[in-house]
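A, B, C, D and E label the chains in the order they appear, each numbered from 1.
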Amino acid sequence: MPEQLVFAMEVFLNGLMAGVLYALVALGFVLIYKASGIFNFAQGVMALFAAMTLVGIQKGQVPFSHLINAVLGTHIHHFGWHVHSLLAILLTVGVMIFLAWAVQKFVFRHLVGQEPIILFMATIGLAYFLEGFADLMWGSEIKTLDVCLTANACLPQGINLAIDEATYNWFGYGFFIDNLDITATIVAIILVSALVIFSQYTKQGRAMRAVADDHQAALSVGISLNFIWVLVWSVAGFVALVAGIMWGAKSGVQFSLSLIALKALPVLMLGGFTSIPGAIVGGLIIGVGEKMFEFLIGPMVGGATENWFAYVLALVFLVFRPQGLFGEKIIERV
Amino acid sequence: DLVFPSLSYRTGPYAAGGIPFADGYADYFTLLNERDGGIGGVKTKLLECETGYNTEKGVECYESTKGEGALVYQPLSTGITYQLIPKTTADDIPMHTMGYGRTSAANGDVFSHTFNYPGTYWNGASGAVNYLLEINDGDIKGKKIALVYHNSAYGKEPIRTLEELSKKHGFELSLLPVDHPGQEQKSQWLQIRREKPDNVLMWGWGVMNQVAIQEAANIRFPMENFIGIWWSGAEHDVMPAGAKANGYKALTFHNVGRDFPVFADMQKYVVDAGKAAGAGDQIGNVLYNRGMYAAMLAAEAAKTAQEIHGTKDITASMMRDGMEALSITEEKMASLGMPNFGPSFEVSCENHGGPGLVGVTQWDAENKTWSLISDFKATDMEVIGALIEADSTSYAKENNIASNCNK
Amino acid sequence: MFYREAGDFKTSYATDNQTFPIKFDRLGYFTVMAVAFLVIPFIINDYWANAIFLPFLIYAIAALGLNILVGYCGQVSLGTGGFMAVGAYACYKLMTSMPEVNIFFHVLISGGITGLVCVIFGLPSLRIKGFYLAVATLAAQFFLVWLFNRVPWFYNYSASGQINAPERTVFGIPVTGPNTEAWATYLFCLVFVVVSALIARNLTRGMAGRKWMAIRDMDIAAEIIGVNPLKAKISAFAVSGFFVGVSGALFFSVYLGAVEVGEAFGINKSFLVLFMIIIGGLGSIFGSFAGAAFLVLLPVVLKVVGVDWLGWPTDIVAHLQLVIVGGLIILFLILEPHGLAQLWRVTKQKLRLWPFPH
Amino acid sequence: MSTQESYVTDDGRTIGPTVMEMKNITLRFGGVKAITDISFDIREGEIRAIIGPNGAGKSSMLNVISGFYVPQEGEVWYKGKKRPPMRPYQVAEQGIARTFQNIALFEGMTVLDNVMTGRLRKMNASLISQAIWRGKAEKEEIENREAVEKIIDFLEIQAIRKTPVGRLPYGLKKRVELARALAAEPSILLLDEPMAGMNVEEKEDMSRFILDMNDEFGTTIALIEHDMGVVMDLSDRVVVMDYGKKIGDGTPDEVRNNQAVIDAYLGVAHD
Amino acid sequence: MLDAGRTEETLLEVNNIEVIYNHVILVLKGVSLSVPKGGITALLGGNGAGKTTTLKAISSLLQSERGDVTKGSIEYRGKNIQGRDPADLVKQGVIQVMEGRHCFEHLTVEENLLTGAYTRSDGGARIQQDLDMVYTYFPRLKERRKSQAGYTSGGEQQMVAMGRALMSRPETILLDEPSMGLAPQLVEEIFTIVKNLNEQEGVTFLLAEQNTNVALRFANYGYILESGRIVMDGPAAELRENPDVKEFYLGMSDDGRKSFRDVRSYRRRKRWLS
């Protein structure tokens, strides 16, 4: 097989994998958007916050130690214990649920019935808040994230040798597929299936979609917006944690993690803001698209095209299908 | 008081590197105050201002601190350096951009207020190539070298030099830009995997460093063949990749480790006294050392200025003169508790760039230490000098700058 | 009854159309103008100019521009940073290639060029709406930044990819470059701000503004009523682009003096300006100013209080600042979703009724 | 197309020849047929009512006339010419104005501004001129303001001129919408349930406005309404639709005695 | 007309409430009314009189519109329900059918109906039963059960909204302008259904209506609201005979219904206001 073609296949596969990681972030957006019409810009920061909390709990860090030290002049940093990954994850989920509740109680409850742009702005405010809050709570230095069941059964990372070998035997060139990406894919598949079932076939799922359509009407039939929103924000918080773990394992847990939100936006546009499967398909298309573009065209224009290519791709797509691939058709009537 | 502003960043994407450097810089001045009662008997005062490694905020910081008698600026960002060069010159305040910033500022004849001793990015580029020449017995013709760089003013600095050097030594250079912040580098590393360059150089900063090292480990690129600039060679850059980062190399212009007498003082007067800027756990780390080194150079320049002008309370303008007359010798360093910490050198009106000696360090993942594997060696001044000359003269022409040294 | 409009009757439609139909407001406006032009230039220093006045004035122009697009025409744009970059680079190219022309015109032309670019990126708005459009404008943001970073022609092949503003003068007084005086840069920007505000006000009170608002409030109905959506949206993008371009040009040439595109005109800039108009008030000229002032002042104040007074470490203050800015944004939205401008209106209404509650 | 003779009604209004004719219009949404092969005409100066049960396709028909829906089959003839495919704003430029079933006012604008948008066909000062607010723009603004004030007087909404529309009660909104349509000085005015949600008193007022308009300006009116009292009293001719098909067409008297219409729509014969 | 089914027990009591929007706009200026169990009570009045506001004040939907009840009290079964969570009220049996239908556009007709049963916890079978009941009352909905509500016609949407409310098995329905925009036949139909529900299922109705004619035909008792005040109330039959109501709300002159063509002047004074 010609070399270029094999390379292209490798790039393609890696694009798919990257796409899954984007989709993981996009999923959180979709959930909240579906349930409240809120375009939650804070999703990325939530992932950061979740990951930082996870690491903080794992390592037994004292929350707000910097602040406490600065104000009281003390020198506390660690409790001196270590928490098992699974327990830490559970505790973090608890924190995310608490966050969902707080967000609902202090922010969105007071904004019922406002225009979408206002809600959107509120989430940007929330993003800033959380970003500063996370740093205050856990400190802004880089943290390494190791999620391990036992001392040597951690999240796998690095080249998958089986695939490398198999492809080497077929094509004479071993493909690079990252183990972490494979894990992410499996997790994503489970997550998406669960979410689709939840939103389409359960009472709460239906209520969630109802709330998205019309807050007032939902209130009037006795759906408690507060409850639905806490529910969805919790689920979105959980999704953020998953995304945070996957991305955190890749690049360490630090500020830039929150910027993955920007990677998820074109995915959303393409897949449609309201579609859970759309997030996955959109993610895959974007992942493959940008990696292939960087591979084929990148060298001609000097590279680093990934940042904008995803957006331009999504833009072009949208011109033909303004509601995204799977988005609900925009009902336009007068 | 002698005011030393520190444009630091303890937040944002580059905080991981900004924190230890700022700590080192701050702690050294605290040490001077606590142990020696300041510089020449005058207390020092550190003005910290958070830039977030953002040029705009950097300018803001400059404007808000320059009125407080700031003696020398240390912006810790190439981007901010570029902004401040004209401003500091106009305000007659010197700026020290140690191992970063605008390389051609080494030509003091044009850049009167900017100092980048003891080494510049172009020294770095040349140093890396020299090191490769050294381990390849002087022949790297036909070798493939890839540069993975932060797609900003900073990352672009070495390109011209490397291009010149590739002509001279006949190696093949390929350029791989990584956009801020550098979280995603899959494409770049797949490309490296395909093209199998013999060596990869990196001009990275922030999260870009660790992602690059992680990705390199993922594709099993041999770490020995991966060399980072001195800003891509700190503990936090290699730690996340764990054992797989073993053998990674980085350039340096000063020494590493914590085997220096000064650290005992530091522990005693600063950390134990509860006066450390950070948690005190960064001492001996590469960037902490570098911050301390920068502070030391600033303090020595201040001393020199006090001597030249015969006054303890120097002004920014006097400080500039002190920096231009700075002479660092081994005795001086030894007396400061930093024997062999950096090269000996002298600054002159024409040369603000120092000797440009470059060493190489290597990461030992097991012991979690950096160690110097190639001593500080001279770089290819023939190539670099010409480039500096060209770049600075064109700057002088554009901005109508008269010669600083032959007034 | 502090604030009165009773007894202030209009006898012609022209006076009824005035910018400040109420005498009280008119007086206030003239006072502000007098202070801005006749007092501040004499007392301003470098710190005040660079930390507060220049950013305030320049952001106010950007906010005006964005407000036309978002607040009046309802097309949410997150590309402001990119468009400001267009203004900045256009200005740089003009300054360096035509040094003989006055910088004043360079800035204007930069605005024009930005308007054109903005129109190109505005074209998809015909099909794409709401958040989809908002996200789509990010394409402009990222693409433009990449372009200016990538194509050496834009930065005159300088090694670092940065651009530096050479010295340019107005009436012999430098307004760009390192040797400027605070009052000169301040006045230079002030002139642009005042003119921009007048233009924005005129456009929004006339037919153009009505068409934009019609599109914003209900685009389908607007089209059926007879608004040509293409023209309305495109003109909004053009005008908005013009303002944003002017502000970008000033930002680069007068305020920063040197620029690295990804840093100065990144996505954060887009958000910052968007915040300004939301906090200030969508669809309000006054709001653009209020929002710009608020967000320029807030960090300065927080820093002064946190670092200079309380002496806290800079990082904690920086984190707290994020927390506070975020919290304030949320608080504002909760208290008054229509921004400072609406708050001001309600206050006026209350003053008018004062001391009666209703 | 068929041109008929003008005639004079009982109450002395002149009804001219056909100005608009719908020919065999069929409109589908996916599988749903909203309109099936409907033809009818509107004569100059007449008040033409369209009635029918909910979902019959009445509003869809207006939307076809406005150019918002493009029928799959059929032609629209206007002033003796077949209308080419057009965007809605081009239709508006031809002098066809309308109101909407679910009020489509611009909520963020004041009443005055809303009504002024009705005049946009008449105002074409350049952007530059508007920006500096001198010359044409200013003159135009004042002239049109005068025209609009007349309409505001006519519809008795002076008091709320400067109120943002969003806060107005429903009935007033309907009136403002009518004002906006009137401001365009249309030759055909399409009214989609202008009196829905009003009480008798308000309906009386509204009827008055509609009649006066028709009288004073000779505006041709197509009207959808569910209040049979209103329809029968005001209109000259009535089209009846049911499930997208035309089931009756004629004078109010003819229609109300049409058995098909009674079965499908009226339920009981209305007085 | 029919006064049967109505008991003397008062279910809902509104005492002298004041409502302010946005902290400045005073809309209700002291409204009192009482709704007896098992009756149909009509709230009549012109546009902007405050009917919707009154209903929303009762069902707690005001909060989300920046409206506040600043004075007075609202009691249901003798308990103060002011400011309660709307979901609580639904559970207690008070549900509002909002003006302008407010269907969930992207949900199918059937899903819309099912959301009505959101607060119920009495099991799928019972809900299925009620679904069937709704379909017998509104056969049209059964036909369209799979289509997205956003695409159904106005009448169908009204039925969906009512059906949805029925699914919560309410005791009291606050019905806001059910006749708006509906064809005459459908108006009759809907009101007949209201009547049936009232008589057969014992549902109490408080309905806000513009269509005075129909409303007074089906209701037991009526309140007339103008500019935020109750200006008149009485049994429906009496109101129908009141000369003012006849003139201003029913459009009747002394010699039967006047033609809309014959109305000449717009402004007449109502006697109770002068």
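What we mean here is this: a contact is a pair of C-beta atoms (placed from the backbone, for glycine too) under 8 Å apart; a residue touches a chain by one contact, two chains touch by 3 or more.
According to UniProt, the chain labels map to these proteins: A = LIV-I protein H; C = Leucine/isoleucine/valine transporter permease subunit; D = Sulfate/thiosulfate import ATP-binding protein CysA; E = LIV-I protein F.
Model, not experiment: these values are computed from the prediction.
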Mind listing the chains that sit against subunit B and also against subunit C? A
Centroid comparison with subunit A (C-alpha atoms), farthest chain: D
Chain pair with the most C-beta contacts: A-C
Cα centroid separation between subunit A and subunit E, in whole Å? 45
Taking each chain's centre as its mean C-alpha position, how far apart are subunit B and subunit E in Å? 75
Just curious, how far off is subunit D from subunit C if you go by their C-alpha centres, in Å? 42
Taking the mean of the C-alpha atoms as each chain's centre, how many Å separate subunit A from subunit D? 50
Shared interface positions of subunit C, touching two or more other chains: 146, 149, 220-221, 224, 313, 315, 318-319, 322
Multi-partner residues of subunit D (each touching 2 or more other chains): 68, 100-102, 104
Using the touch rule from the top of the page, what residues of subunit B touch 2 or more other chains? 10-11, 15, 19, 151, 179
Subunit B contact footprint on subunit A (complex, rising order): 7, 10-11, 14, 18, 73, 75, 77, 135, 140-142, 144, 157-159, 176, 178, 247, 250-252, 254-257, 259-260, 263, 290-291, 294-295, 298, 302-304, 306-307
For the complex, give me every residue of subunit A touching subunit D. 334
Taking the touch rule as given, give the residues of subunit B at its contact with subunit A in the complex, in rising order. 10-13, 15-16, 19, 151, 175-179, 181-184, 186-188, 190-191, 193-194, 206-207, 210-211, 214, 217-220, 236, 239-240, 244, 274, 279
What part of subunit C is in contact with subunit B in the complex they form? 46-47, 50-51, 146, 149, 159-162, 164, 166-167, 177-179, 256-260, 262-264, 266, 303, 307, 313-315, 317-319, 322
Using the touch definition up top, name the residues of subunit B that touch subunit C in the complex. 8, 10-11, 15, 19, 48-50, 52, 54-56, 59-60, 63-64, 66-67, 78-79, 82-83, 85-87, 89-90, 102, 104, 151-153, 156-157, 159-160, 179-180, 277, 391, 398-399
